[in-house]
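Take a look at the structures listed below.
After this come two complexes, each holding chain A, first together with chain B and then together with chain C.
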Partner chain A sequence: MRIEHMSSRRFVVKPLDEHAECSRFGGLDARAKLVGVLVFVVASALLTRQDIVFVSLAMSLVLVGASALPIRHVAKLYLGALPFILLASLSFFLFSGVEKGVTMWARASACVLALIVLASSTQTFELFSGLRRLRVPAMLTTLLMLSHKYIVVLSDELSRMTLARRARAFSGGRNLLDRYALKVISFTAGMVLVRSSERADRVYEGLKAKGFEKDLTGWRTSVLGVSDIAFVMAFVAASAVLLVLQTEVIA
Partner chain B sequence: MKHLELRDVEFHYEDGTKALNGVSMALEEGDKVAIIGPNGAGKSTLLHLIAGFRTPFSGEVRIGGKLLDHRNADLLRKDLGLLFQDPDDQIFMPTVEEDVAFGPRNLKLEDIEGRVANGLRSTGIEALAKRRPHRLSYGMKKRVALAGIMAMDPKVLLLDEPTSGLDPRSRTELIKLLKSMNRTMLIATHDIEAAAEIVDRAIVLNVGVVTEGTMKELVTAKDVLENIGLEVPPVSKLFGVLDAMGYEVESLPVSMDQAVEELTKVIDREGKHLHAHIHEHDHTKGGKHVHEHSRGRKEESVVE
Partner chain C sequence: MHIPDGLMDPLVAAIGWIEFLLVLGAVMIVSGRRIRERNLPRVALLSAGIFVAQILNFPVGGGTTGHLIGAALFAILAGPALAVIGMSVVIIIQALMFGDGGVTALGLNALNMAVIAPLMGWGVYSLVDPVLVNRTRLGRSLSIALAAWASVFVAAASCAAELLVSYAVSAGNYGIAAPISVPAMLGYHVVIGIGEAAITVGLVAYLASVAPDLLTTAKTGMVAAGTKSILKSDTVKAAVAIVLIFVLVLPLYILYASAGRDGLEQVVAEADLEEGSPVLNAPFSYGKNYFETLLGGILGFLAVTLSALGLLRLLKWRGAR
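Right, the complex of A and B next:
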């Protein structure tokens, strides 16, 4: 996945998994990371008690720290997801009170942070390949991979068009009343879609030229090691503790 | 045996523009043929048509003697290795070796490990096996794409503008590599010098087949090339001038390697030295373009 950062001076396209190699979890098998994190996310999503939800959020923060991912990178991604988290919490704030709203925010944040660690610590291709190896249907994983490829193509085309626009002294787009700028931007959007569609056709022909039928998986496959199993067990144990606390078995 | 055969192929784009008209050609085993033509001549369309991504309006394409149609395109394409103009359109996997293995795995070929090793070795990128393709230079990406095709061991290589966008060194290395490959090849290009290094025969295409012959025959047909918007390579022009100045040239060289070979012959014949000439242009005499040489073998004016 790629995220685009626009600044007044430059236009940079950065991949979401750019820090995967420097993450402490980068070397782990994608399947272990997927199972571990998804178990934790499901467990966190089931929590309702505010104090336990905060324990889950604290666990996610510990996970962020343990991953050794750059805090700025995680913060940027979290801020990108924040509007959606707040939107999800809004109805709780409005109709169920502040406490429920805060619980919803903390619960969603715990899940999002864990997923950010998963996505940033794993090469995007490995992630989808891991899903396939976990027996997710080929149709679904291939669709995910091709969608990802299409987003990359779309992002490339958008960056080219934006640079071309700037190279011809276009600097509009900051004022909603600037009709000329809006017209240019709408033409650009149309061109980006047309060009992306043409390029996507070429990419598909490229796949077909290499005998592709339906399954896009890796060649070199890893074997689960002790550290992978330990990773999964840690998450399963943490999730179990959260659920036990939630059901007040210990109390 | 004919690896590839086209008979009276015709193709129109959706807007009705004619892209190919009555194109016929045949490639025997081991043939290396260039399709030369200006932009919009239909070179890439022709390759995509051969690869079964487009269906001709009329005429037929035969691969290994079998008639290509939309039902058997996927099957017959296994014998073809299509190298796209932009390598980013055909590199999908996270590492170079994974990408090279992609084709052979899809085709369920045996000894994938050996094929990947051969593909990487034949394109000189063994050291890049574990690298991420999207971080490589354009020239290296072209090599990765070519290695992926080579690992599939196709009977015919279809190369779309293989030298476009490459820096001079990468271009020279790729030409050397393609020249050394002993395979049936069809190269679409407007790089006449590169084609001259690699192929034995060329077909000049401009929607229809304009002419065909050896590269040396084509550069002597200067008017034909110029009529469709192509230029004779500078090195051929230079030797044309040498010939006009009295240094008889056995055949017009098209590439730098051929030029060196030809120049060596001229120097040997002329007693190991060449005379330099002052070359003046005069556009005023009777409205004709007149070249005058103060000292030359023929000691006369050459009027174009």
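Right, the complex of A and C next:
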């Protein structure tokens, strides 16, 4: 019981790559995944015709199925994005009619699902490595990589302190007039920063010892294989079909 | 406030991306020379800190909670340039690694939370702080609270504006209609801003007493050497930051501006009057399409800003005499 209580880390940030290895797309080059999925998301976001939007949603669902990611994991992430999508759909139901509301829901869902597959089936380091190799500036990719490392360190600190707060019967406060609760929350955030500062320095020294420079020279150097090119081509073709169907109707 | 993909009109999303990339590129060029390798982990730590602080929920009342955005905090701790870069990192990580906010909408999300929010927070803090109670502890707390609240509110207002412009220009295919987007975004964030203000004040006070070295970053490495000579005064820099927010919103406003008649033109038309030939033919027009109007808007904005600056200089010169 005690062990269970101690290990209930409510605030630990779980990066999305925890299922990357079991995904069918886990072994593909990150650049191929980035380009393929982003092209598809951009094309899907441009669609306005309901039947074509449903085709793109079906493609996204096929992508989720093909990725072999745990459905529960995908559903959990999708539910996180749902409130905003529902707010937009509600606005459409009220002001533009049911059809446009459904189209909005389907379009946003298609994009969100594709993005979840990209994020979940790619190792974090691979993802940043892919961005760097796609010519994203070194300062940005290095900051992304360091921030990601520190998020793990900080969320670890936060989970410990949250446990300590709960052990002292802090329940989160009642409302915005609860000065004590707001003070505790702001001090917790401040304490996380201070306590992690030293650990962050140590992480940085460790990286330096392993040859870290301002721009990581150890980025992946894999070459694009046949499956990578096939992946990109499939997405580009699917996106092209969607856009052709959409523009033909507009014309 | 993280907008997902498929919600925004493609033109609005494209404007968001272009503006975000322009601002980020400019900031990276300006501050790149000053960010030494040693400073990178400090910025990354703050980005990670803001990311984790966004997980901490605070009570709003009635069983609901809100969470920190942290842009004003970042700007107060690290200065505006690094706040823009650091907050952009937070937004990119949230979009690519946690599926929070879309990729096509990343430009708009970053514009709201990584450009407008920190610039507003820092601008308000720099303008108000010297005025309030001669930099006493209460004055400092008030200026931080105002900065935090303004940053959240203006970012939410900008998000609401993007949603309603998307709705208007796409003939109802994208965005959220004004009667829902404006009250939902502004009403909620007026309250969330109060929580943000309280937590930012508490956090800065805590850091000032426990780890003042974390607060010194803003003074050491944030402003590029080149800009220091041009913009010596903090007040001028803060004013420039706030003016920049208006510049960023200008293309959206022009996109939204109606092509219909204004009140006077409507009255003249209804009274069957004809407009006489003008005494002076103006060199510019408002333009016939979006890009001509945008160019006209930018020229007008520059003309008004330069005239205002000239007038202020004249007043100062006369005052000095």
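Criterion: the second predicted complex is superposed on the first by the 175 of 251 C-alpha atoms of A that agree within 3 Å, B and C clash if a C-alpha of one lies under 4 Å from a C-alpha of the other, contacts with A are read in each partner's own complex, and residues count from 1 in each chain.
Throughout what follows, a contact is a pair of C-beta atoms (placed from the backbone, for glycine too) under 8 Å apart; a residue touches a chain by one contact, two chains touch by 3 or more.
Because the structure is predicted, anything quoted here is derived from the model rather than measured.
Engineer: Check the residue A:213 against both partner chains and state whether it touches chain B (first), chain C (second), both, or neither.
Structural biologist: After superposition on chain A, A:213 lies in contact with both partners, chain B and chain C.
Engineer: In the superposed arrangement, does A:202 touch chain B (first), chain C (second), both or neither?
Structural biologist: The first partner, chain B, only.
Engineer: Who does A:123 touch here: chain B (first), chain C (second), both, or neither?
Structural biologist: first
Engineer: Residues of chain A touched by chain B versus by chain C: which partner has the larger set?
Structural biologist: Greater contact footprint in residues on chain A: C.
Engineer: For A:190, is the partner it touches chain B (first), chain C (second), both, or none of the two (neither)?
Structural biologist: The answer is second: A:190 touches chain C but not chain B.
Engineer: Quick one: classify A:180 as touching chain B (first), chain C (second), both or neither.
Structural biologist: neither
Engineer: Could you list which residues of chain A make contact with chain B in one structure and with chain C in the other?
Structural biologist: Touching chain B and chain C on chain A: residues 149, 203, 213.
Engineer: Given the complex with chain B, which residues does chain A contribute to the contact?
Structural biologist: Touching chain B: residues 123, 125-126, 149, 199, 202-203, 205-213, 216, 218-220 of chain A.
Engineer: In the complex formed with chain A, which residues of chain C make contact?
Structural biologist: 2-8, 10, 13, 28, 32, 35, 37, 40-41, 43-49, 51-53, 55-62, 65, 68, 85-86, 88-90, 92-93, 95-100, 102-104, 163, 167, 170, 172-177, 179-181, 184, 191, 194-195, 198-203, 206-207, 210-211, 214
Engineer: Give every residue of chain A touching chain C within the complex, in rising order.
Structural biologist: Residue positions touching the partner: 11, 13, 15-17, 38, 41-42, 44-46, 48, 77, 80-81, 84-85, 87-88, 90-92, 94-96, 100, 103-104, 107-112, 115-116, 118-120, 124, 127, 137, 139-140, 142-144, 146-151, 153-155, 158, 172-179, 181-183, 185-194, 196-197, 200-201, 203-204, 213-214.
Engineer: Quick check on the complex: what are the chain B residues that touch chain A?
Structural biologist: It comes out as residues 48, 51, 53, 74, 77-78, 80-82, 84, 86, 89-95, 97-98, 101-103, 105-107, 112, 148, 152.
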